[in-house]
């Protein structure tokens, strides 16, 4: 049956049906609405577009979102490695509980997380009060904003590293041990490089999520244009409330580009990793 | 001479465990407790009262409707898409898989914006809707109405079921289905008898995740829903209560939140049970 | 003795990995630990290395008890089964790792690493990463990395297991040559008897946590001391009623093991065998199978099934054909030991076969 076309050699039925369903639903429910945003923003001329996305408020919000998300992602990387390490390597009472809790930020609605964090870190809240006594203000500052983004990003990093650590062959550590390396050297020279791609993936995902985050940050950040605590998604929402669709779509385009770049980065990292480590 | 350890010293271990415990308690446990404490601040009676106001009841209804449709639509889509992506190879498969994951990586606010730009005053589809309304004499509205809320919720939870199913189906391979097909079994029977038993738990978990996320969606619906008591979902109602500023309404906001917290905790417990089951299989 | 294990016991829960193991290894020897999987050979290697601790007994290297000496201070180089090359380091950095740990000056590291890369014949590949190397090249790098800090004892865990069958042969002789060139006492673990026989100066056969026999490859092959060694080494056919064969009498044994090369089968008109034809008996060919470089015959001799090989150059044969059969020797065994029995009728006769 060498003459038969490749498409005819599918034994399992349902290719046409599932392809039809998948493409239709994806188009109608996701792609066409998204395309509407793009089409609308492409109607603007380049200079109009640049004017809209470089106003002081938009620029400040973009910087705030990018910087705070990056800082939060770095914090998550550090604690993420420690958490993953502790959860994979050590046994201690309550470990199962903590492990199960990691995904709370995925399960908890963002608005609920937002108002809770805002309340906790306000001057009268259970953490904000003692901090206020020390002269540290968290709610309605960038610190608060970053804390909310750390909360949102925890599971991305931990869940990226955990499986890698679990699968990591003992032989690498034994080899380093046989060659006389201390635990510290083994960790930084041998284990950390193994974790690096997963760490970068986790960083990328947490960072991307942080930039688009809305519900969990708007309460704690205070949204003050003067204090530079407005995040970019808040600005879009504000523009929508003022029926300023030009600005909203223009900013949305910028955000789409950023998330595309982050996803591209994550994919490149993963491809490079599989190249470095395949069949070793 | 320093002795070289194969494992970390006890002090390092304890320090690392302590850091982890403190971090997680501070970042995750306290917020959880804080919701409960805040919601019960004015007593149980007030708690029950704030959960039975007209607004909250309406919000619950809208939330459940949106969640129901999101789960039905995305489960149907998830099964079809994961079958397509794991049982066949074809050109553009990787691109399709990436496109399905888009809603994961973009801001929910943009999701809301997308429907505004499609069905809103300026959207290209608003003309079509108007014509249909003229023709049928109806008054169908999409944005700032229930359909918009449903669509926005479907959008943000779109990949949840397929994403749980794909890895399971990939791990299972396709020999069993091929064998069944070669023996003359029909498509739907293959799915029901051969495939379904493998994906039962993943499907259930995908549905649960989808439910949780749909119940709690905020940014996307915020953009397409403006009428409190009519099209507000529970998170929007919480937002309205919290922002109205009085001490009572803040407590009421936390009371409403506690429903979602309880659901979140149940989701986490189910997730862990399923993970445990999958590991022991 | 350079390496000595005295009364070593090691359990993993209920599993006895080592039972009263006693080994002595002379300086400069290349020794194989040979046994089936689960026989405890890798455990022995890892205990010598310091990656495992024995429950009881002494490990002595160069006259010093090293039970409490950490692995890196025992002067041991270790080559892991799948090499465990650091995937994110170049060939150069992999080999230099152990020297950097010892804080050797950069210049000396460079000299030593260059020297080793030259020794393993990978000059020009310093900057490559492990995944850019073939399996054989990876093994060479692992070998160089283990040798870099100048160990006095080299341990290798299944060094050829991760290599394609074709390259394996070439690497065996390479490794043997290298180890003798460097002159380092070496122990390697293998489950492959051909590998052990071909590479090692001395073989230690392990089974179910015990040492079955130690000796040179020829000794192990010719004089298996236990029924296990007799069956594990070479190809073995077990025969219960061996005393029904001509030239063998019933002794106080449980049975016997007969290797194909102990059996001679020839046509009755074959003049080359005329001096032993008088001591032969009749066997009927039951089965013939092609083995690539020879034929394997199954013969029925007095109801006993014997296996032998036949060169493809000899005259054609067919199933059912009557042959003359002589069994030169066999290994009879009881519960504990294995004994070599020679064909009694051939004793003192000059047996010439061509």
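As written, the chain order gives the labels A, B and C, with residue 1 at the start of each chain.
The rule is simple: a residue touches a chain if its C-beta (ideal position, glycine included) is under 8 Å from a C-beta of that chain, and two chains touch if they have at least 3 such contacts.
These numbers were taken from a predicted model, which means no experiment stands behind them.
Asker: If we define chain centres by averaging CA atoms, which chain lands farthest from chain C? Would you check?
Answerer: Farthest from chain C by mean C-alpha position: B.
Asker: Specify the chain with the shortest distance from its C-alpha centroid to the centroid of every protein C-alpha atom present.
Answerer: The chain sitting closest to the overall C-alpha centre is A.
Asker: Give, as an integer number of Å, the spacing between the C-alpha centres of chain C and chain A.
Answerer: The mean C-alpha positions of chain A and chain C differ by 55 Å.
Asker: Counting only Cα atoms for the centres, state how far chain A is from chain B in Å.
Answerer: 16
Asker: Can you work out the whole-Å distance between the CA centroids of chain B and chain C?
Answerer: 60
Asker: Where in chain A do residues touch two or more other chains at once?
Answerer: 174, 177, 180-182
Asker: Give me the residues of chain C that touch two or more other chains.
Answerer: Those would be 71-73.
Asker: Multi-chain contacts in chain B: which residues touch at least two other chains?
Answerer: 4-6 - these are the residues of chain B that touch more than one other chain.
Asker: Can you list the residues on chain A that touch chain C in the complex?
Answerer: It comes out as residues 169, 171-172, 174-182, 185, 189-190, 193-194, 196, 275-280.
Asker: Can you list the residues on chain C that touch chain A in the complex?
Answerer: 49-51, 71-73, 76-78, 80-82, 84-89, 97-98, 101-102, 129-131, 138, 145-146, 149
Asker: Okay, in this complex, where on chain B does chain A touch?
Answerer: Spelled out, the residues of chain B in touch with chain A are 2, 4-9, 12-13, 16-17, 19-21, 23-24, 26-32, 34-35, 38, 73, 76-77, 80-81, 83-85, 87-88, 90, 96, 98-100, 102-103, 105-118, 120, 122-125, 151, 154-155, 158, 174, 177-178, 181-182, 186-187, 190-191, 209, 212-213, 215-219, 222-223, 235-236, 238-239, 242, 250, 253-254, 257, 260-261, 263-265, 267-269, 271-272.
Asker: Quick one: in the complex, what on chain A touches chain B?
Answerer: Touch list, chain A to chain B: 10-15, 17-19, 21-23, 25-26, 29-34, 36-37, 39-40, 79, 82-83, 85-87, 90, 92, 94, 96, 98-113, 115-117, 119-120, 125-127, 150-151, 154, 173-174, 177, 180-183, 208-209, 211-215, 219, 233, 236-237, 240, 245, 248-249, 252, 255-256, 259, 262-263.
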